[in-house]
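Submitted below is the structure of interest, expressed as structure tokens.
Chain nomenclature is as follows: A, B, C, D and E, assigned in order of appearance, with residue numbering initiated at 1 for each chain independently.
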Amino acid sequence: MSPPGLVLRHASLTFGDRPLFQALQARFDAGSWTCLLGRSGSGKSSLLRMIASLRLPDNHHLDLQTSDGIPLAGRVAWMAQQDLLVPWQRVAGNVMLSAHWQGRPTAADRRRAEHLLAQVGLADKADRWPDELSGGQRQRIALARTLFADASVVLMDEPFSAVDAITRLELHDLASRLLADRTVLMVTHDPLEALRLADRILILQGEPARLVSISVPPGDRPRSLDDSELQRRQAELVTQLRETDDA
Amino acid sequence: MPERALLKRLVRPLLALVTIVAIWQLVLTLTGVPRYILPSPMAVGRALIDQRGLLAHHAGITAIEIVAGLIGGILLGLTTALALARFRALRRTLLPLLLISQAIPLFALAPILMLWLGYGLGPKILMAMVIIYFPVASTGYDGLRQTPQGWLDLAQTFGLTRRQRLLKVQLPAALPSLASGLRMAASAAPIGAVIGEWVGSSQGLGYLMLNANARLQIDLMFAALVVLVAFAVLLYFGVDAALRLAMPWHHDRVESEP
Amino acid sequence: QEADDDLAPQMIPLSVMLDWYVNPVHAPIIIAKQRGLFEKRGLDVDIQAPADPSVPPKLVAAGRIDLAVSYQPQLHLQVDQGLPIVRVGTLIATPLNALLVRADSGIEDISQLKGKKIGYSVGGVEEVLLSAMLEHNGLSLDDVEMVNVNFSLTPALISEKVDGVTGAFRNFEPAQMKQEGVEGKAFYIEEQGVPSYDELIFVANRETLDEHRDADRRFMDAIGEATSWIINHPDDAWQSFIAYDPSLDTPLNAAAWKATLPRFALRPAALDSKRYREFEAFLLERGQIKAQSTISRLAVDLNAP
Amino acid sequence: MPERALLKRLVRPLLALVTIVAIWQLVLTLTGVPRYILPSPMAVGRALIDQRGLLAHHAGITAIEIVAGLIGGILLGLTTALALARFRALRRTLLPLLLISQAIPLFALAPILMLWLGYGLGPKILMAMVIIYFPVASTGYDGLRQTPQGWLDLAQTFGLTRRQRLLKVQLPAALPSLASGLRMAASAAPIGAVIGEWVGSSQGLGYLMLNANARLQIDLMFAALVVLVAFAVLLYFGVDAALRLAMPWHHDRVESEP
Amino acid sequence: MSPPGLVLRHASLTFGDRPLFQALQARFDAGSWTCLLGRSGSGKSSLLRMIASLRLPDNHHLDLQTSDGIPLAGRVAWMAQQDLLVPWQRVAGNVMLSAHWQGRPTAADRRRAEHLLAQVGLADKADRWPDELSGGQRQRIALARTLFADASVVLMDEPFSAVDAITRLELHDLASRLLADRTVLMVTHDPLEALRLADRILILQGEPARLVSISVPPGDRPRSLDDSELQRRQAELVTQLRETDDA
């Protein structure tokens, strides 16, 4: 099942009487990885919620088209900015939460959950309660839960914000591998991360916000950190983030 | 639990018991309430021992009513809470009904119940159920409608049906709140059964109490009362322990503080 | 103003608690109050009604109220239990208690109750009275099933949830049944092997009796005068009775009124000590009381020298 | 709230009312319950109108008892919950006492109460308080001991005293749970007052009901019952609205869903 | 009131039967800014909790000495990894939460809270409820709350993890300014951040973990991003983080 591309049109969102964005357009190619950057409070998380058709207060509107014409519902995995672990399931149970909630996890589900846990480096925590974990560990469980869903469209909201630099690099590799041919939209605040992982970088900025597209370095993702091109672009991207902000 | 800890846990309830008996005796001594209104702990203790056969017989009947009422009331209350949370249209219609069921003094319903259900265990179990029902339904519903939004969102992206969401997400999230209601229900169950027995019966602790009261066997009445109270306390702590087992992830934060 | 000051010190406050909500059996008390017969005797009477008939004697015993309306059978139990109360007057001088069945039940004889369900209200001695009646008719308590129906004797019988009820008042429940279109049949307990007794009596605290003797005497005097007036002017008395509380004006009360009139004690202060002796013996024989009390502990004649 | 919305909110309760009356009439028609056990809605309606003066008088008395009992019960329950949460030593001693207060049938206490408090409003208010007290104390305590650890930690670094922590951190955090108990208490308050009146009184809806019942004026009894139920329902929704105002930050997540 | 230096000795922490660290030593000079790095789950947050004498499950021990000999209690501000905003206070109320909880905020408190809100860029949100904020906005409120406390020892657990790169730089400036002469211990996963802000960098690593000290570039903090020394050290630090991990 090949992942759909997405076309967004007339996206608008207003909280109170302040429009966050109006008539926003964007297209996400099938199987591509898009990183979304922008100032804190610019509406990145809200945009992800809109695409996932989650509840938003106040006025919002979105025309969403999929490249295959089939509605998105049921094909989206969403990783929120908070980890949203449920306290009444142990770690392994949280990883296969979708299986638990939709019925009963099968033996295959269990194996897959354990495998994913091992891959995010938490094999030994499978039987712990979530409240015995550190912040970064919780975030990795949430990531594993998102990967477990095996959806063709994946929306991730700052998925690596709470882990250390090394773990983060490892998770980049893992996510790149497991989400290789999915349509991914990921919010991040780390320019380097965006440059490593993205096929396309979008910046949400201005009032009301527009989407500014930024070119990425060539090469397969995840791109190596040593790539001098990457380093150069990072500085450029930061300047870009700052400049358009002042404009 | 190690034996020492168990022992330690038993010390305080025993202390509580002693305190209660002491207060009781003190009230007697200070206010000089005549013993045919409030008998001495001693006299009640004697009645407990002398009449243990009689008490055990009636207590057994009441115990059956309590357990059946508790199970029925909890099931019914939970079902109501789920139905209220699930069907929006029900809320403004069913909720007032639920409230009305609480506001009607049972004695007013007694003749009607008797007419329909006769004098067997039925009406007593029903009374216990009615009493238990409300705290369970009410706290359950309150818990169900306060599920944190994030989990509901997650459920939506998992494509859960409303029914799945209710049972797999809202219900476990409501457990702490529901537990509050269950504890309350447990301590109210005995009085429900007793009220049922006042509606009409020929056995049970409630029957025994009314009879003893009418015959001025106040010692015996208070002995029955003591058994009833013991039921309530045991049930409360039993349900509390069961809830702790059922929610191994749930800690009382402040409780376990040094 | 002045008149008040003159009058006030002479008025003796007296609290009286009925056995149950006001109904026609309380007519003498209500009428005495309505016609100012208490005031005339320097009494300031306060009438209260409880929801539980077992409470008033206890409150008298505890010195909380001065006089209570209670029942002779209960008096024996209470005195036996050590309550310091004593009968000082009689309101209804015959048993009102009856065993009621439906007239259409075909039960003509108590012996036909074998294997049937009998409902009773919590009275305290209902079982003994019933067992005496059954034995009088060759049965025993084991031959029937007793059910405590607490609040609802009539509904239980009308709806045939029970085959008979005991503890019904012969002046009230049959009228009630008739109002609902069911004819009742009463077995009068004094005709079925139970010694006759005073159904409704006034009890006072025995320990403080001497202090209150004078007031109690005046009270019984007023009751006597009220009773005579009721018998002489039943219709005026009815009007006065319902004027006390307009909600008393119901067809049922009107019917009960007629059935109650002949049963008021015409000499409320008079004491028939034989009744108390016999009933005491009856209860002792049946193991309901532990020891026999002397008559003076049970009942006094306020006017005796 | 715009008028349309208000109107919309009123439609369903009215619907509920109609439903109840319809069910009532249906039960009558189907089961043929005699009218001396369950009168027709019509008859009760007539009694409500004909006896409105009488009903209003007694309802006024009961309303005073309810309000006083509600205020007293909530204050006492809250105090208990706070004391239980604050003083560890109290828990195992006071909690059983609290439970016992719930498990004792009030009729057993009636003579004692009357002895001490007489026949005035006192015992009725006390009874209403006892009934209201428990849900408030129980849910309040449950809420207080479940404060999320993070806030307690924050309180500690701020150097709060235990007392400050209790009142400034645990109490607001317990509000949603407490609200559950308050709603329950509100709907139980009327029955508390009525039970108080059964202990002994010469006015109030409870007195009126028992009195009417004793005289087989079942129409009047049910009319009083209707007034009582109306009190309970109004109180519940009143307290619910008050709680919403008191917790502007608190949303019922599932409730407000489309 | 000059801030105390801290000396840690015999710090040990065990969850279950797995010691996280044993006999750990460290010294934090008075008025210095220390950044603590380490793998996710290595015990950074726990160490901060221990210093703040907060509850920890299981076995832990710490000898803590202050340079002025006065106990630390009452002089510490702690910013947790979660924002810990309370829902029953509006944004401004959350900023001056310590004032609310200790009594009643004064007019001066209110002014200071407003000023801090403006400095973290949220002046217009003062009257909002916390649940109307984005993740990064919540974190900034928590930062403002910590700065409001004006404590001489400040413990911060990943305080800038949820804000965008530009805001982060601004907050670095703000924090550096407001905490200039405080003893600061800050957990971070961002090597660049550590290099910009720290007088000293400590890495918690190994099993059981030791504290490895890393030298920082010269110059006043916050150091400029353009500093080429900074860039060089960043790569070095990452290598260091990775190397000792493998060792």
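Quick note on the criterion: a residue touches a chain if its C-beta (ideal position, glycine included) is under 8 Å from a C-beta of that chain, and two chains touch if they have at least 3 such contacts.
Composition by chain, UniProt nomenclature: A, E = ABC transporter ATP-binding protein; B, D = ABC transporter permease.
Computed from a predicted structure; not experimentally measured.
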Leader among chain pairs (count of C-beta contacts): B-D
Centroid comparison with chain A (C-alpha atoms), farthest chain: C
Separation of mean Cα positions, chain E and chain A [Å, integer]: 27
Distance from the mean Cα position of chain E to that of chain D, given in whole angstrom: 49
Between chain D and chain B, distance of the C-alpha-averaged centres to the nearest whole Å: 17
Residues of chain D engaged with two or more neighbouring chains: 37, 107, 111, 115, 149, 152, 210, 213, 257
Of all residues in chain A, the ones touching two or more other chains: 55, 82
Residues of chain C whose C-beta touches two or more other chains: 58, 62, 151, 155, 159
Residues on chain B engaged by chain D in the complex (per definition of touch): 12-13, 15-17, 19-20, 31, 33, 37-38, 85, 88, 91-97, 99-100, 102-105, 107-108, 111-112, 115-116, 134-135, 138-139, 142-149, 152, 170, 176-177, 179-181, 183-184, 187-188, 190-191, 194-195, 206, 209, 213, 221-222, 225, 228-229, 231-233, 236, 252-255
Chain D-facing residues of chain C, complex: 20-23, 48-52, 55, 58-59, 62, 64, 151, 154-155, 158-159, 176, 179-180, 247-248, 250, 252-253
Contact set on chain D toward chain C in their complex: 34, 36-37, 51, 54, 107, 110-111, 114-115, 118-119, 197-200, 202, 207, 210-217, 220
Complex contact set, residues of chain E against chain D: 49, 52-55, 73-74, 76-78, 80, 82, 84, 86-88, 97-98, 100-102, 129-131, 149
Chain B contact footprint on chain C (complex, rising order): 54, 58, 61-62, 74, 77-78, 81-83, 117, 119, 122-125, 145-152, 155-156, 159, 161, 288
